[in-house]
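Take a look at the structure set out below.
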Amino acid sequence: MQLHIREKTAAVLEATGQYRKLGRAVDIFLITLILTNVVAIVLESERDLAKVYHHYFLTLELVSVAIFAVEYLLRFWCCVDKLDYRHLDIPNWKKRLKYLISPLAIIDLIAILPTILMAFITFDLRFLRVIRLLRIFKLTRYSRAMQLLLAAFKEESSSLLAAFFIMSVVLIMASCGIYLIEHDVQPDKFGSIPKAMWWAMATLTTVGYGDVVPITPLGQFFGGLITLLSMGMVAIPTGLLASSFADQMRKRRDAFNEAVLHALVDGDVDKSERAHLEALRIELGLSQLEANQAIKLMSSQRVHHMYCRHCGKKL
Amino acid sequence: MQLHIREKTAAVLEATGQYRKLGRAVDIFLITLILTNVVAIVLESERDLAKVYHHYFLTLELVSVAIFAVEYLLRFWCCVDKLDYRHLDIPNWKKRLKYLISPLAIIDLIAILPTILMAFITFDLRFLRVIRLLRIFKLTRYSRAMQLLLAAFKEESSSLLAAFFIMSVVLIMASCGIYLIEHDVQPDKFGSIPKAMWWAMATLTTVGYGDVVPITPLGQFFGGLITLLSMGMVAIPTGLLASSFADQMRKRRDAFNEAVLHALVDGDVDKSERAHLEALRIELGLSQLEANQAIKLMSSQRVHHMYCRHCGKKL
Amino acid sequence: MQLHIREKTAAVLEATGQYRKLGRAVDIFLITLILTNVVAIVLESERDLAKVYHHYFLTLELVSVAIFAVEYLLRFWCCVDKLDYRHLDIPNWKKRLKYLISPLAIIDLIAILPTILMAFITFDLRFLRVIRLLRIFKLTRYSRAMQLLLAAFKEESSSLLAAFFIMSVVLIMASCGIYLIEHDVQPDKFGSIPKAMWWAMATLTTVGYGDVVPITPLGQFFGGLITLLSMGMVAIPTGLLASSFADQMRKRRDAFNEAVLHALVDGDVDKSERAHLEALRIELGLSQLEANQAIKLMSSQRVHHMYCRHCGKKL
Amino acid sequence: MQLHIREKTAAVLEATGQYRKLGRAVDIFLITLILTNVVAIVLESERDLAKVYHHYFLTLELVSVAIFAVEYLLRFWCCVDKLDYRHLDIPNWKKRLKYLISPLAIIDLIAILPTILMAFITFDLRFLRVIRLLRIFKLTRYSRAMQLLLAAFKEESSSLLAAFFIMSVVLIMASCGIYLIEHDVQPDKFGSIPKAMWWAMATLTTVGYGDVVPITPLGQFFGGLITLLSMGMVAIPTGLLASSFADQMRKRRDAFNEAVLHALVDGDVDKSERAHLEALRIELGLSQLEANQAIKLMSSQRVHHMYCRHCGKKL
């Protein structure tokens, strides 16, 4: 029964159902392997280490790519039984195509491609070696909290783009101002607007390397104004994200509270409702304490608000 | 029918009504032209590029200015039929004057003026060339999100001014302190309070170039205190903006909720109400998901909470 | 009638009652004088300017101090008729004493003291000259928004102190770590923990001068960890202030809403209630728009929520 | 009665009950001693001071360690009578073991261990000397606000970890990019990915030392992109903490409001209820003003809003 095995594999790879535990073990193994790879590639860039432990690095690389390739093929093979795809009403080959072009599948491909290419082509080996570091993106599959963070970025994308636009305008104005003021005195550092941008960028982001600084009094006055503006530039994205994170937290809490309210319609929270709330709590990333408080508060509000203290009837 | 054509032109330039699509195309063309101009002016400041491609830069400049000039004249010509001005009860020449001194019209004028001036006057050509970069402000016309950001700045203007005032006081105190401590040891760097301000500014904004640093133990102790203060200086505008952004988000949500409440007065949200809410949702920049949740939540709250205390009936 | 004149003077200096306009003019004159003084003192520290314009600086100084002295004496003379003190049930000499040790009076004294001292003593003249810059604190009297900002700092003072304590602990740990690692290699820069603190302070506040940096691999690894920590160090005060500002905004809004609710008890907002709300709005620093929206929203909520749609009675 | 003395000692060390005042005095003495120790150890690292005042440093150290040792033994001896442990239903030796491995007890041990070790072993004395600075952690016992701050960190730990993960990915990508671009031109500074990380870390945290900077045009372009990313990197933890602090503030307020609601069930807040609310207010760190406002607001809301829908009576 090939189908059966494929379903099992899908369950293991997704860590669902009865294969949850095995799936977790596989996940942890893969996470460890990815991290080991990243550390190895970083260390391999040290020429001395690369020479001495060349053999170990190569072995690790080959074994890793083999495992990642098997993982890629397995995922491709059983993607038709994935939780998200199982109930789609499209033929299997369309599911497979859909999977092939999904971001996670592409990341998985990128993780094995460089080494395979290195076997065939021989242009800039160093570039290919380093590109293997993209392997680290495979970890996105495993981090829930990061997906929430990325959601906050996405939600604020239009505001962040506007902030980026303001930043660009200020950057261009700063570069062109300092270019006009300083390019005669320091032609090697502020000789053109693109060159002046290096200073403007380091200043507006408050990085401030100090390798390039204005030296004329007027340039320093103008530079001082730009450093003041830099505080605003840094404040905008921070403020946007802070407000967005606060908003997301509120939304998650509201969603949970609504569920509690719903469960409380019949007067109390029974066992199945409690299980449902617990699942929701985990999904929303709320703490146990917070969830209990919410349930307690809303129950007590029912008692205080929703029954008359004179006639005792439900309001 | 000259009037008719003028009205059409106004509709195209504002991208409203039946000329919405054509208007959008014109917008995109103008945005592309502005960005091309900015890139060209930045690159032209590289002397080598300016020499080799002198002809191309000149052609682009002349064509661009011609187009911007036509745009400016067209906008001036048909401004009396603008959506905002159409129903004003003032003579046309007053509308035109009103338009001429509006910020967007002034920006449009600044975009073409330098090149026209360069044809007549011949003083500092480089300055005029770079000033053409102000053309980038023409983009403000097209960015909704940026207008929202600027609104947040405006709303917090009094607090931000106060923050700026605190910053100024701290800046002057820091400069005068470091001047007293270091001006004997490093007269070239801290020889006067204005000179010391360069260090103070770079430090208080956490830019920290490092081209000028205190070297005496007392100076370093004082400098250390100022670096600590810098964290507060950066925290104030960031905190103000974060709180302001959060507040604006809340206001938009409240405005939407009020509209939902209004639509729910008769018990449910009918089709025309839904269309109205959708338009409002887009205007307020809320996500589809959020809007649906708000509608759902408020509907369910109606069911759970509202009964009359006199007749006991459902509200 | 000496008393009468004293009362008038108090009214002018506080810009209240019928002397509001005259008082404002006096305020603006004093603010201008203070700012002129600050600019003059800053410029005077430039030796060249000080020599050439010595006479002008001296004249300005003498005139300013004379005016500030008169202001100080007038304020002291009529402080017993101040709005805050008028109804206190204590003898006049106690009021005067109370005024003398109030922060604003001390700042006023500090503004004139250095010049008076310079006439008598002749030790470090430069120090006394620069100390005159403290005159800028006289401006606090005139800025409402700054007082609100300072209130936010005050409210969060215990949290900010805790943040400062965490910062101190991290600072000491970072200094002692880098001292252990680098003091053999760079004894002139990391020769003792106090010296190492200069690096630690510049790093933890993200100022990063770069005049002192670790150069050993272990030192750079440790330094990298500290740069990571610096993000947390900067995030704490910013987060605290952002949350505190948001909280203050909410409180002011709540106070306004409560007042609106109170005004709406009898069904609508009459003229005297509107005047009262307007005064409150200005005091709380809310925008006109926001206030109107709050009134409109709460009125409509009354209509929607507070009357039964079946029997029409007030809920 | 040995037990009696032990209970008394526990009460003094915890500053509870009738020994509150004595306990406070002991606390203040210990805090002063800790701070004196930290200052002494920092100063001792200055070789000149260490030589001249060697005797004083040694005396302070021996006395301090003796006191801390006595404190440690006393705390260990009477830990079975601690407020938290008194009512635990486990034998005393288990309580003692539990105490021994509690964080605060371990910190207390670390505070005395280095000096005791120095008496026996004689390897790197300097390291042991500096490690005594960990003594500063003893202060955590005394700061309530810091425990609240740490709670905020803990609550956001999963989000902060995700932020740290994003940071790591960006860090690795930045290091590997700049390594590929610059390692041929500046092999001493960007010769391997670990070396390049020093630059990437200083840039992404906006510290920006400037000791290592890209010099090729492509490197500067890439570096500019990274400085832009740095703003996002700094914004994430700041935004998370800001939102978390705001959330904690809201929770504390909610907890207080719930208590007020509970007290208001019988119509007003009597004396014992007021005392209870006051204790809660202090525990939650709310200001007097805020608490009073909450009580006032909730009382008035009761009057305005709450009537039964069945019998129409006031609730």
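Points to keep in mind about this one:
We call the chains A, B, C and D, going by the order they appear; numbering starts again at 1 in every chain.
Note that a contact is a pair of C-beta atoms (placed from the backbone, for glycine too) under 8 Å apart; a residue touches a chain by one contact, two chains touch by 3 or more.
For clarity, every value in this text was computed on a predicted model and none was experimentally measured.
Homomeric contact chain B/chain C: same residue numbering on both sides for under half of the interface positions.
Legend: contact pairs of A-D compared by residue number with B-D, A-C or C-D; the interface matching in over half of them is C-D.
Computed centre separation for the pair chain A/chain B is 28 angstrom, with centres defined by C-alpha atoms.
The distance from the centre of chain A to the centre of chain C, each centre being the mean of the chain's C-alpha atoms, comes to 40 Å. Chain B has residues 194, 206-210, 234, 238-240, 242-243, 246, 307-310 in contact with two or more other chains. Within the complex formed with chain A, the chain C residues making contact are 206-210, 238-239, 242, 246.
Those residues of chain D that touch chain C in the complex are listed here as 38, 41-43, 45-47, 126-127, 130, 133, 136-137, 139, 143, 145-146, 148-149, 167, 194, 197-198, 201-202, 205-211, 233-234, 237-238, 240-246, 249, 285, 287, 290, 293, 297, 300, 304, 307.
Interface of chain A with chain B (complex): residues 155, 158-159, 161-163, 165-166, 168-169, 172-173, 175-176, 179-180, 191-194, 203, 206-210, 213, 217, 220, 223-224, 227-228, 230-232, 234-236, 238-240, 242-243, 246-247, 251, 254-255, 258, 261-262, 265, 315.
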